[in-house]
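Chain naming follows the written order as A, B and C, and within any one chain the residues start at number 1.
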Amino acid sequence: MATTTRSLATTEAPWIRYTLTTLALALITLLLIVPLLSVFYEALHQGWQLYQDSLLESDALAAIKLTLIVAAISLPLNLVFGVAAAWAIAKFDFKGKSILITLIDLPFAVSPVVAGLIYVLLFGAHGWWGPWLAEHDIKIIFAVPGIVLATVFVTFPFVARELIPLMEAQGSEEEQAALVLGASGWQTFWHVTLPNIKWGLLYGVILANARAMGEFGAVSVVSGHIRGMTNTIPLHVEILYNEYNFVGAFACASILALLALATLAIKSYIEWRTEQQAAEDRKHATEE
Amino acid sequence: MTSLRHWAVALALGSAAALSHADTTLLNVSYDVMRDFYKDYNPAFSKYYEAKFKDKVIIQQSHGGSSKQARSVIDGLEADVVTMNMATDIDAIVEKGKQINAGWDKKFPNEAAPFSSLQVLIVRKGNPKGIKDWADLTKPGIQVVVPNPKTSGNGRYTFLAAWGAALKQNGGNEAKAREFTQALFANVPVLDAGGRAATTTFMQRQIGDVLVTFENEAEMIAREFGRGNFEVIYPSVSIDADLPVAVVDKVVDKKGSRKAATEYLSYLWSPEGQEIAAQNYLRPRNAAVAAKYAKQFPAIKLFGVADFGGLKAAQKKFFDDGAIYDQIAADIAKKK
Amino acid sequence: MKFKQHSVLPGFNLSLGYSMLYLSLIVLLPLAALISKSLGLSWAQFWATVSEPRVVATYQVTFGASLLAALINLFVGLLIAWVLVRYPFPGKRFIDALVDLPFALPTAVAGIALATLYAPNGLLGEPLEKLGIKIAFTPAGIVLALTFITLPFVVRTVQPVLEDMERELEEAASSLGATRWQIFSQVILPTIFPALLTGFTLAFARAIGEFGSVIFIAGNMPFKSEITPLMIISKLEQYDYLGATAIAVVMLLVSFALLLLINGLQWWMAKRLGRRK
């Protein structure tokens, strides 16, 4: 967008622009920046040393590691699902589509507490498959697989939901053209669809990633809270907070905020690289 | 691909090697407030155990709300021992999960509760509202911070303490006790989900004139928020909160860790265990240790949960859905 | 009418089949376990549990506050997305990154941070208190927490659509003499409307189930500021799994119905728009 020159036809009078921008920034400040700063203030107001110590403590490191592992497993699963579901829903017309979309939305509406509970009902000692699992000494809940499942559940809709409106708005004329020109289904997907949806896809993944790392309620039910073993960062934050170790709690919380900002930085970098690439391609094209 | 396989083999061998060397590992599933105590107790026990049995023991800790932790054990969290704040939580594991055998409270002295605490009143510095006893909490204009009895054992003990104190004052008149307790809960501005959240509301947010919580929590508040910021008031009478422990039979039999688990809990009654408890402001059972720390544990009149026919009966009468606490909450909401 | 309308695009069976399988394993099966568990109650017991006055009061608080928060975000989210896509200003990338913060912060941390800020002795709570506005530990606190938690939804669903929109349409409309407001309401708004509605739906759905952040700022007073998930927790606290699943099932059914309604509406509108094209 940075490259487009704006004609008056497609933008507003300057005073409207300034008013809207100011209003948006004011709201963001009030709703986002102030709470964010308060997290960092609480984490740092007793000095850098204490902040550093809280993060390098072994339980905190174990929690950070577990959180990254869980996100790394659950994200690709939901990514593949999201693309498949969006393809089916946005590119085709079939009966029961609204019901399918609604079912995809459902994990958002399920209270995190319940999201944890349902896996307990399935895999818990008295759940559907609990006795069988115990017999074979397979641990699902109160171990990493349970934490992954709960995380997959709460981040389930993100990618699909991000892609569906986008792919619907784009329609399927370009894909049809590619097919008519002889491209295979996969070629069409890789070279036509994917470039068109990449931003939506990226947003979806980033949101799912942030949520996966920050999820508390559902994970709390299936974790077992074994210190240094099954605590993710949010659970570790709760423990520290309940120990009245506010600095430690907010220090770990700030890590999550930083992780989210880091993923966004990566996104910005990719965006920037793509723009550069596009500009270069254009240059080549004109030279030839 | 081959490197991946190598890696997998190495991992499998590594974990097998780790298993053959394995020291005994115990998982202690406990509740929130016990963290500080076990932080001191676990190394002391490990040292003792190693000296006595020439064997290493590693202790893993899990903390959370007492009932939530009990639910995790019921649902399959493989705890070797549970250390809870209410006997009803261990009873629930006996009944719903069947991982602990009935009669757990007979396996150790003092009904398997190695120490106890009681409910005290915490007021602002200088006690500006002049709060001396339970009756002062029912006065109009006083704000009382307590955790929610529906979601917190701490809150349930507070309710029972107030109810019992009112019963004593009114010669056992239940209607009066109910009126009194209702007046007290009508003065509650915020019902936090747990005891620690209630403390934060009182100390950090500066809401309320008085906080009702465990005696050992008062010490924690002093350590974390500074001693000069509040005063502890001992009411004329309070409730004796026994903090029970149990070995999880099903798990220790499966793992073969019964000996270590039983040692771990028994050692709580040793002079060293009792001393660590006293240092964490938990009232010890050992007479010698109690005498040594008498100064920090003022003697006040106590009544036990036995006065309510045991915790299980109390839970049913007061805290189950639709029971007295719910009725009181509904009456308060109607009047407001 | 056939199950599926004809299309030249491939991959329908594969993508739908895979989606259904994954959906069944991760979402439907566990939810079936939930519903099956609640069937352990007789109908009379079930009804008594879910229609208890205190529980009914929590439905009002939960659904009311969620609706309000989603409505607030409909406007705030559109505004933020619009400004981020259309107007240049310094620090834009940073602000863009910040929008996802509510997801990344554990909800409990969000609740604690908001309670700290808006408590009567907090940075923002104190001046507001002087104006006679109380936020923390009142129902307004619930709306605030939910607004924060669900802020990214509308922004992030509208933003990609706005970015992809072709400016030619607007230019064409403008050259035909449309005013800026006409272009916005008749060209831009219809294009982004499905995304707006999606964002609104997701925000609303997410708000209904939220627990971690609300619990720290709500005050949790019976009949006034108790939310439905708290009722589930308090049932579990009594080891009443059946009662807990009963309330969970009611929440699930209501959310499902609401989501279905909004999604159906959206599908119907998309179809109408499609015909008009």
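Heads up, the rule we're going with is that contacts are C-beta pairs under 8 Å (C-beta built on N, C-alpha and C of every residue); 3 or more make two chains touch, one makes a residue touch a chain.
As the structure is a computational prediction, the values presented were derived from the model and not from experiment.
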item	value
Result of counting contacting C-beta pairs for A-B and A-C, higher pair	A-C
Most distant chain from chain C by Cα centroid	B
Chain A and chain B, separation of their C-alpha mean positions in angstrom	37
Chain A and chain C, separation of their C-alpha mean positions in angstrom	15
Where chain C touches two or more other chains at once, by residue number	116, 233, 236
Sequence positions of chain A contacting 2 or more other chains	127, 241
Multi-chain contact residues (two or more partners), chain B	74, 96
Residue ranges of chain A in contact with chain B within the complex	120, 123-127, 130, 134, 141-142, 220, 224-229, 239, 241-245
Chain B partner contacts - residues on chain C that touch it in the complex	49, 52-54, 115-116, 119-122, 136-137, 215-216, 219-224, 230, 233-240, 243
Chain B residues within the chain A interface of the complex	27, 29, 32, 35-36, 60-64, 69, 72, 74-78, 96-97, 99, 194, 196, 199-200, 220-221, 224-225
Of chain B, residues touching chain C in the complex	65, 67-68, 70-71, 74, 92, 96, 148, 150-151, 188-193, 197, 204-207, 315, 319-322, 326, 329-330, 332-333, 336
Touching residues on chain A, where the partner in the complex is chain C	1-2, 4, 7, 9-13, 17, 20-21, 23-25, 27-28, 30-36, 38-39, 42, 77, 80-81, 84-85, 87-88, 91-95, 97-115, 117-119, 121-122, 127-128, 149, 152-153, 156-157, 161-162, 164-166, 168-170, 172, 175-176, 179-180, 185, 188-189, 196, 199-200, 203, 206-207, 210-211, 213-217, 233-234, 237-238, 241, 249-250, 253, 256-257, 259-261, 264-265, 267-268
